[in-house]
Amino acid sequence: MTGQEYVFAVLALVGTISAIRLVTAKNVVHAALYLVVTLSVVGGVYLLLAAEFVGWVQILIYVGAIVILFLFGLMLTRAPIGREALDNQQRGIAFLIGLGILGGLVYLIQGAFSWSGPRLRPSVGTTAQLGQSLFRQWVLPFEAVSFLLLAALIGAVVLSRRDDRP
Amino acid sequence: MLEAAPEMDWLDWILLVARVVVVFFAVLISVMLLIWMERKVAADMQTRMGPMRAGPRGVLITLADGIKLFFKEGITPTLADRPVYLLAPVIAMIPAFLAFAVIPFGTGVTLFGRHVPFQIADLNVGILWVLAMGSLMVYGIVLAGWSSGSNYPLLGSIRSTAQMISYEVGMGLALVAVLMYSGSLQMSQIVASQDRVWNAIPQFPAFAIYLIAGLAETNRPPFDLPEAETELVAGYFTEYSGIKFAMFYLGEYVNLVVVSSIAVTLFLGGWRGPHPSFVAWLWPLLWFIAKVVAVVYLYIWVRLTLPRIRYDRLMSFGWKFLIPIGLLWVLATGAVVVLPDVYGKGALLTGALIVVGAILVASLLWPLIAPRRQSAGETPQ
Amino acid sequence: MLSEYLPIAVLATLAVLFGVASLGVSALLRPNRPTRAKLAPYECGIEPARLPAGERFPVKFYVVAMLFIIFDIETIFLFPWAVGFRQLGLFGLAEMAVFIALVFVAYVYVWKSGGLDWREPAPRRAAAAPPTALEPEAREVVRAG
């Protein structure tokens, strides 16, 4: 095995274990921590695929922002502090949805690479290259993102508004 | 494929590990001296002596404190979530050390015929790395607050997290402005791009934003609301004592060293400075240390001068002032660089685009700016 | 490219070892005489009370986290742009101006709807109807953050 394959094996193992722990953990904050590990592993896989910028953006956005939002949400609502469990009885549905997503992803990835493995071109992953293709080729999707952000923010404000006004 | 790992013999390995170990302990010692310096400067400004007993002029005071904390009884509160409670101080410390990895603190030295750079790793995405480590710094605080199973830490950690993430945006925008000037995310390139003029001069607003955001990121006075002892006892580390408290303390000061070093690297020319030609490797290092000490002194001075800011003012300052100024500055920098260059060929298309964009924005903004009218069915209160 | 991360991996290992070792060694060497009062959550000398479940914090913290994500993503988009905006020229500048402006609309909306004001507005309810006996206490707690 080459060094990269070795690193990938370790990452895959850690990612899988933490993903399983994530769904089986009884305590939501522990689950959030396992989510941090899983998302970091995904970032590590991006690094292995020579997409350095994407890898660190994954860490920055998902680990540094999204999970923080989750933790805020948990603390704002009803996460017990300290050693208490919080769980529900929706394993069956979650299992079905997970299976569906897995099937879809496998189908898509199989369609894209047909089991041959992705071709790595490290020069494409650089920040400058990414910028050129993002701002030359994919202008419209890029601008659409700003609409998405706008909608997300307005949604957050509307939802968080308290209806205690008479 | 990825490029095959470069051939490394045992000497390379030893040099690599030695470099990392030396840097690690150098940072530890610099933190020790930094805490002593802070106490001495504070004492000086308040006309007292400060620590005098441990070592000459009290220079070993931090070591003495550290040893005391090391042998102090550690308490795990009854309601604490033990694994996370123990994890939090370690997590608070590690990202601070890792962030230091990309900072060039000198040109390097040749040892045994090998070039040893004075930088742990010159990543292609250096600035992004700094920002990512900064965002991980929040975890130590969130987890400490949650896992303590106590009220004050929880309140303090939520407050602190909100503060840190708010100022992280401002910091990111300041970094983007630097990036536009240097055209690279790599720290060595950024230092190289400042050979004629330091970024702090053309990019002064970005520099100011960075320094202020750095103050908030390190939770230092006047932005030390997480530890506002008059209202929150000690904030997120209320329940921590002994070595675990020492780790939070250490992490905080390593963070201060890192924030100052980044300020020096990005805005103050890094290790650059005039120097004599003999022992060429030493002078850049000394320049770097001198500049970092100057920035740290500034932070200490601010701490001793300004009172703590009220929380609502802190948040409004971050969101209503720092971020809009940062965004405008990024756009202004872009305009100043681009407009003189390419006014001409594509002007028709881009001009049209700007007008369309402006109309779009104006139409979206109008309902917010327009004076509110009473809708038909509503009765005035 | 990955070999660049080798020194960082060494540094990370060192930092983790340092943290774990100092926790472990200190745990072996220091005294350990817990008592019930010592282990109780810190509460300024009164009986420890838990914050009531349910809404414990102003929802504003959540809005701030949301706003942070939006601006974080915006900053991330600025990075590849900032590296190459000289080549992209005026078109790139206009692109980014439109993008920033659109996010700015969201920002102005949040500002106008009071999401950035941290001072609690004077409770309008107080003037309308006297609060019930339970309410003042509950509001104290909610406002504590």
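Remarks
To keep things simple, chains are lettered A, B and C as they appear, and every chain counts its residues starting from 1.
Note that in this section contacts are C-beta pairs under 8 Å (C-beta built on N, C-alpha and C of every residue); 3 or more make two chains touch, one makes a residue touch a chain.
Note that the structure is predicted; figures quoted are calculated from it, not measured.
Between A-B and B-C, more C-beta contact pairs join the chains of B-C.
Relative to chain B, the most remote chain by averaged C-alpha coordinates is A.
Separating the centre of chain A from that of chain C, both taken as means of CA atoms, is a distance of 19 Å. Centre to centre, using the average C-alpha position, chain A and chain B are separated by 25 Å. Centre-to-centre separation between chain B and chain C, using Cα means, comes to 16 Å. Shared contact sites, meaning residues of chain A that touch two or more other chains, fall at 3-4, 48, 50, 52-53, 57, 60, 64-65, 68, 72, 75, 81, 122, 127.
In chain B, the residues that touch at least two other chains are 2-3, 5, 79, 123-124, 128, 148-150, 154, 158, 165, 185. In chain C, the positions touching at least two other chains are 1-2, 5, 50-51, 57, 61, 65, 67-68, 72, 79, 83-85, 92, 95-96, 98, 102, 105, 107, 109. Residues 2-3, 5-6, 16-17, 19-21, 23-24, 70-79, 86, 89-90, 93-94, 97-98, 101, 120-124, 127-128, 148-152, 154-155, 158-159, 162, 165-166, 168-169, 172-173, 176-177, 179-180, 183-185, 233, 238-239, 242-244, 247, 311-312, 315-316, 319-320, 323-324, 327, 330-331, 334-335, 337-339, 341-343, 346-347, 349-350, 353-354, 357-358, 360-361, 364-365, 368 of chain B touch chain C in their complex.
Listing the residues of chain B that touch chain A in their complex gives 1-3, 5, 79-82, 84, 123-125, 128-129, 131-132, 135-136, 138-139, 142-143, 146-150, 154, 158, 161, 165, 185.
Of all residues in chain C, only 1-2, 5, 50-51, 53-57, 59-63, 65-70, 72-74, 76-77, 79-81, 83-85, 87-88, 92, 95-96, 98-99, 102-103, 105-107, 109-110, 113, 115, 124-125, 128 touch chain A in the complex they form. Contact residues of chain C toward chain B in the complex are 1-8, 10-12, 14-16, 18-20, 22-23, 26-27, 29-34, 36, 38-44, 48-51, 57, 61, 64-65, 67-68, 71-72, 75, 78-79, 82-86, 89-98, 100-102, 104-105, 107-109, 111-112, 116-119, 144-145.
Interface of chain A with chain C (complex): residues 3-4, 7, 47-48, 50, 52-53, 57, 60-61, 64-66, 68-69, 72-73, 75-78, 80-81, 122, 127-128, 130-132, 134-136, 139, 142-143, 145-147, 149-150, 152-154, 156-157, 160-162, 164-166.
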